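What follows is a pair of complexes built around subunit A, which joins subunit B in one and subunit C in the other.
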Partner chain A sequence: MTASEGTRPLLEVDNLKVTFSTRRGLVEAVRGVSLSLQPGEMLGLVGESGSGKSVTGFAITHLLDKAGRITGGQIRFKGQDITRAGGADLRSLHGAAMAMIFQNPRAALNPIRIVGQQVADAILAHRRLSRQEALDEALQLLRAVQIRDPERRMSAYPHELSGGMCQRVMIAVAISCNPSLLIADEPTTGLDVTTQKVVMDLLARIATDRGMATILITHDLGLAARYCARVVVMEQGRLVEEAEPLTLFHRPQHPYTRRLVAASPTATSRIEDLVPDGERIPLVEITELPPPPHGTPLLLDVKTIAKRFDDGTLGVADFSMSMRGGESVGLVGESGSGKSTTSRMICRLIDPSEGEILFDGQAIGQIPARDFHRSELRKDIQIVFQDPNDSLNPRYTAFDCIAHPLLRLMNMRAGDALRQRVEECADRVGLPRELLQRFPHQLSGGQKARVGIARAIACRPRLLVLDEPTAALDVSVQAVVLQLLNKLRRQDNLAFLFVSHDLNVVRMMCDRTIVLRTGVIVEQGESRALFANPQTDYTRALVDAVPHIAPPAALATA
Partner chain B sequence: MSTIETSSTLRHTAFVLRGNPVTAVAAGGALLLALIAIFAPWLAPYDPIASEVSVALQPPSAAHWAGTDQLGRDVLSRLIVASRLDLTIAVTAVAVSFALGSVIGALCGYSGGRLDKAVGRFVDVLMAFPLFVLAMAMVAALGNRVENIVIATAIINLPFYIRFARAEVNIRRNLGWVEAARACGESHVAVVLRFLLPNVLPAMAVQMSLNLGWAILNAAGLSFIGLGVKPPTPEWGIMVAEGARFISTGRWWLVAFPGFALMFAVLCFNLLGDGLRDILDPRMRT
Partner chain C sequence: MGTIGATLVRAGRRFVSSLPALFGVLVFTFLLMRVLPGDPAVFFASSPNAGQEEIEVIRKQLGLDKPLPNQLAIYLYDVGRGNLGRSMMTGQAVAKDLKERLPASLELTLTALLIALISAVPLGVLAALRPGSLVDHGVRLFCSLGVCVPTFVSGLLLIYVFYYLFGWAPDPTGRIDIFATLPPQRTGFLIIDFLLAGDLEGWWAAARQLMLPALTMALFVIAPLARITRASMLVSLGSDFVRTARSVGLSWWRIVVTYALRNAILPVITIAGIVFSTMLGANVLVEKVFSWPGVASYALDALLVSDYAPVQGFVLLMATIFVIVNLLVDVLYGIADPRATVA
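After this line comes the complex of A and B, so read on.
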């Protein structure tokens, strides 16, 4: 159990192959992955969706679902072959020897049981203790994962805790039987950056204190670089590169790793750097527009709007901002900061409780959101939604989605003119025309994102509200989408209101940035200056929490 | 595009049915019932209401496959002709409650607020009554006519559709594509009726299929206790009610065959429900 077993690896995976049987036949999700893990080591397993990183994790812990099968290779845990372990072996393996932390802590916890009981259950499943002893130990564990006021939290239900708190409870469950191997599958995806930092710091400390080996499965290179001594990169079920993080990020060997590293935004990267030379979208020459003649109204002028919800809580208070045509403004903040509410008020999908919104000099805040669809200005303010998976009507083809605003807002009729216009939009966002007849579920995430953007720009709006447009995308896809947005913006002199929690992306995309916290503006200014030299503690905490890849200078000294 | 669409739908249906033989059997049974109902007058070997006392109460034979009743009427002919009435009542009642319930439920689920609360409490009150007793009361008050059986059956089914549509719309109302439709210039009402409802249909179809079986039972039940269709009209519930008098004297065929017809119809529609969801959901296609 102790780390004294020294040189022998804790876990050896040798040429692992996993196959899933699907409707279209057998699919090889993992095609010969070999890796080894020393006791107490933290290994980063990095890859994009579909790379097989999670499947590898599930195969090691024997949690593959029914359709998946290990078809080749060997998994040795402490020298013992566990590839085909079953029954009692498996039960003692689960929890006691290896434990897993899942992506969505809320879904992994039982919603109708208090968390103290759930931690105690995990203890009782593997050890002979009395109920009271288990509860006492659960309390100790909650203390160990730094849950404030653990005596009281013991009897809290998962929905009464924040996402970060739930993940800490999951960690407590996972470490309850002192496993020697912990597999964390995207443990902080979906959490705010500041929460992510706290949870990851905690996880790293617990792993070190208890001598636990950890496999951190993540799509975030920066996160892996910050916490892992060694990182392996997976692509399409294969392991393509394995190195120390600094070497990996500054001297990537494999072309895929190189692409991935380039696509990961850092504190200094520019939009143009995100995609390797060959695939770069040629930048449109920025023709410096002459300053608008004096007296031209601002494109958007928001005056002290507020949103009070039905239950009386204040979502947004006293929010003011203004934008000129073609300008790009970022709106950042953690979840619950009111950034989505604000963007929807400006987009006139919901009504502000107070204040005024002027668009092009016209008071659009006066028109109730319920009637705004009839306004002349509806087509001028469009929105791109967060998750491409649920931003397209499942019963509409890509063509129907893009044609929808043209039919409704431009009064076009079905026919050749419409088809041409839709195809032109598809071309502009780089969506192959033959995909236009497909339904959303037949498109990849990146393709769906393109359809969403094509729909938003179809009517040539003047203001585009982007609500976390790349949050659900892989970094390499995000890189291409960001470039695309940047190009479209310059071509059409489009103004962007870019809502995001990803500070690196906002810094690249936006001229100015507004930082929101619990519905109130805490700081605003020119993006570069704001992030280089934050004036408030809150902004500083946000900036510091972003896991960056260390600049190349660090490599020289390393 | 429509031809591609149709052929892919057919292919998808074929695929689902291959994977679910039970659904295929149930669909076959439902289709058989529908065909029998449509062609009933031509299929029935005898006149279902012509009595012929000389052959009364005969067990199943080559001339009368399902025997004859106390008035000498051919049970098989009555069964066949009765399928028409029973299916019509069930289908109409389900269609009415689906049309009303889904629209009301969808509007409630989307708007929330006062409308939702008011309708929700009304539904609670409706469901607090024993539903069959409620149907009895309505038919008794409105009169023993086919339309009133349909209305009563539709009303007691309504709460299920309202609740179902409400829940399904409610979980979708904040999805990106719903807001996107509004940004594309659709009004709230259009979003509910033209965007949300079609997306909820696959789930509702399952409910409808299960409900059809239930509505048949309900109509037959009303007739059984004398509140539905009046004799001598052939109807499964009446046939069971009339036959029940003779069961103690060993004339089993009078209740067994209509009972079997009821069971077969209910079973078919219930089993069909599950398979329908897979067929109608576009996401299940590849």
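After this line comes the complex of A and C, so read on.
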């Protein structure tokens, strides 16, 4: 439909520019974005961190930080120019005409106010009702967003609810005054895949039922493809491409979109496909190692370990697995499934309550985690942590970070040998040597991830435990890091224990996969087969929940 | 209510775990007093030229000839029975002395804290609402002045202005005119006792007497309270949930007070508890300047004449109050923050 046919776009953004004043001067976050949205439409706004997608959303709703200012362009809502709206106009716009849903739902709710009250607050902001009427209506809304046992949840505090529940409450707050525009900023980032699907389905249904136009801001192409009729891709504050999702993903025009689409793991992609040809790391030919001589112990043999927490709850029960040298095993499950607990027991950061862990034939389960750093085997089992920001000492340069395990575990001394070794590690992970003298805050996310990996491989371990190593990274960076890990694994015959919630990544990276649920193994097997043909309902639900970009074949049938 | 029950259980646990600390304070002060120079027996011998014999007799009377562990055991035994000893200075039981003077100190300190909170919280909020503005700088200047001017100077200044120049304040000595009739003692707090007795004239006199010293004390502690309010208010105003509140169009008052301030007040409670405990003991200067018959000036006088028992009693009292205030803060915190009961 076009404007000439009588429907006016609900929202028109025309050449929008947003500037932030920072300590390093003015930074242009959005440089001329134009888009329009029809009533009831769902538009996907996709881009990586720093692309300006969230800033665009905040500029439309006038919720920019004090440092940010709209410096150019126009925002028209229902034909009215709201670019410079302020005061009372803004208050009636907020909530009643347009509302937002935020990332990190738990932080977005007032921690010391019961959720029913918070929904009622939003209702009372725009309508003349008595307190009791507002509370009654809040209860209706909680029911509408499918919160179980809403009467009881009305008086719950946000910390007593799960992340998914908090996001539902947030949706209830946002729709409380029937806005005609809803902007959802990464609404499901940080939620489990299954929860993500439920929340997104709910959001899509509510938007359709109430005729709300929605802008879905996300970094996840798959998610945008699944729910949006139209997708806009942003890069460095500019729109680079706009199309229907299927067209966009199968015939991307702009080079950036092409790279982004390639980097997004799908149900069929391979590690090698994630990065465009020019940047691809040449694969090391796998030289088929001769089978280890008979009687060589397994690299890792975990026998029925369990973890009981102090309050008596069982975190992990009866977990057994084994790995040969050079093998990579994935550990997947929702949050609370015990996958991190298990991996931490294996890399000896926490103590199992029961069971035995054999590494290379030696029992290591009985060495207290507190003393394991003194063990000979510490340097054989190394860890790559999830958050590249928090897992690096902010007072250490990249060089110090990588040298630390060499000094502590290999008893190396400061000097040329150490310098050589560190530089060699940096080279191996593709970290330019001149960055070695920088502190973590002077490095990008991808560079920090490389430092974390270089530190883990510095002692030439035989088993690398990777705890969501790419969860905090953009897809294009993730693609490069995954390739790097794959290369290192082949070069050193490293064994990987790969913990992740991203099933596509695990499928590409791991030979075998173990699916955990509430601390118990529900299914395990060869990765490709397991994901192609899951045997249990739980695994099937997990696999189905991953938003895939439909393969081209679907184009014809869709 | 489960929340209040859980809070009480937590407070009880905290109390029990603070008992060893109290015991440590007891022993430490006892030992400290023994190593400080000064011999009480010499001080309290009847005349300056009393002979060695007389001093020895007094020493024996006081039990100071016994070995230190014995003295400690006797002391602990007595404290356990609630006997804090007898002050050589006033000739009364220390417990009685403290009991008489504590309400004076508490009345002064609580009023000062109240004044400080009532002025510091709005100041902090104002400063946080417009960081970097003239208001913010004004509050900062005021706070800096309050901290860097010593209480005895600001006290004297206030006396000079309000008593000497304008004559608004009464004679700055003590809690009440010595010729005034005192109300029947119920709480020990004069302004409450006068009210209970229905004596409004007396109440006004006591309140006027209280104003200057309380103000002097308050000036000194407004700074930490206002600064912490400002800092935590800034965090609160920049938080996601305040952005949510703005995104649904809540009113300015609701956003600032119900959403931001109620969250920002939590650290203020903690600091207020610490400030209160410090004020109670450390404001001996104010008590001296205004001849306020409080416990701190009593302890200082005792210390100057090596009168062991009052000093030890005072330290024990302060430690106990510190524990109680912390418990109170805990309970308040539990009520103000539902998350605290979970941890």
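Note that in this section the second predicted complex is superposed on the first by the 549 of 558 C-alpha atoms of A that agree within 3 Å, B and C clash if a C-alpha of one lies under 4 Å from a C-alpha of the other, contacts with A are read in each partner's own complex, and residues count from 1 in each chain.
In this section, a contact is a pair of C-beta atoms (placed from the backbone, for glycine too) under 8 Å apart; a residue touches a chain by one contact, two chains touch by 3 or more.
Computed from a predicted model, the values in this text were never measured in an experiment.
A.B. asks: Could you classify subunit B and subunit C on subunit A, in the superposed arrangement, as clash or fit?
C.D. replies: clash
A.B. asks: Once the shared chain is lined up, is A:63 touching subunit B (first), subunit C (second), both, or neither of them?
C.D. replies: A:63 sits against subunit C, while subunit B stays out of touch.
A.B. asks: Where does A:126 make contact in the superposed view: on subunit B (first), on subunit C (second), on both, or on neither?
C.D. replies: It touches subunit C, and subunit B stays clear.
A.B. asks: Considering only the touch criterion stated at the top, classify A:107 as touching first (subunit B), second (subunit C), both, or neither.
C.D. replies: Touch status of A:107: second partner only.
A.B. asks: I'd like to know which partner A:347 touches here: subunit B for first, subunit C for second, both or neither.
C.D. replies: Only subunit B; A:347 stays clear of subunit C.
A.B. asks: Going by the contact rule set out at the top, does A:170 touch subunit B (first), subunit C (second), both, or neither?
C.D. replies: Touch status of A:170: second partner only.
A.B. asks: Applying the touch criterion given at the start, work out whether A:99 contacts subunit B, subunit C, both or neither, answering first, second, both or neither.
C.D. replies: The answer is second: A:99 touches subunit C but not subunit B.
A.B. asks: Per the contact definition, I'd like the list of subunit C residues that touch subunit A in the complex.
C.D. replies: Residues in contact with subunit A: 238-241, 243-251, 254, 258-259, 262-263, 336-339, 342.
A.B. asks: Taking the complex as given, what residues does subunit A use to touch subunit C?
C.D. replies: 61, 63, 65, 90-96, 99-100, 102, 104, 107-113, 121-122, 125-126, 157, 159, 170, 173-174, 176-177
A.B. asks: Going by the contact rule at the top, pick out the subunit A residues touching subunit B in the complex.
C.D. replies: It is residues 23-24, 310, 344, 347, 349, 370, 373-374, 378-379, 381-383, 385-387, 390-396, 404-405, 408-409, 437, 439, 441-442, 452, 455-456 of subunit A that touch subunit B.
A.B. asks: Which stretch or stretches of subunit B touch subunit A in the complex?
C.D. replies: Contacts found on subunit B: 1, 4, 113, 175-177, 179-188, 195, 198-199, 282-283, 285-286.
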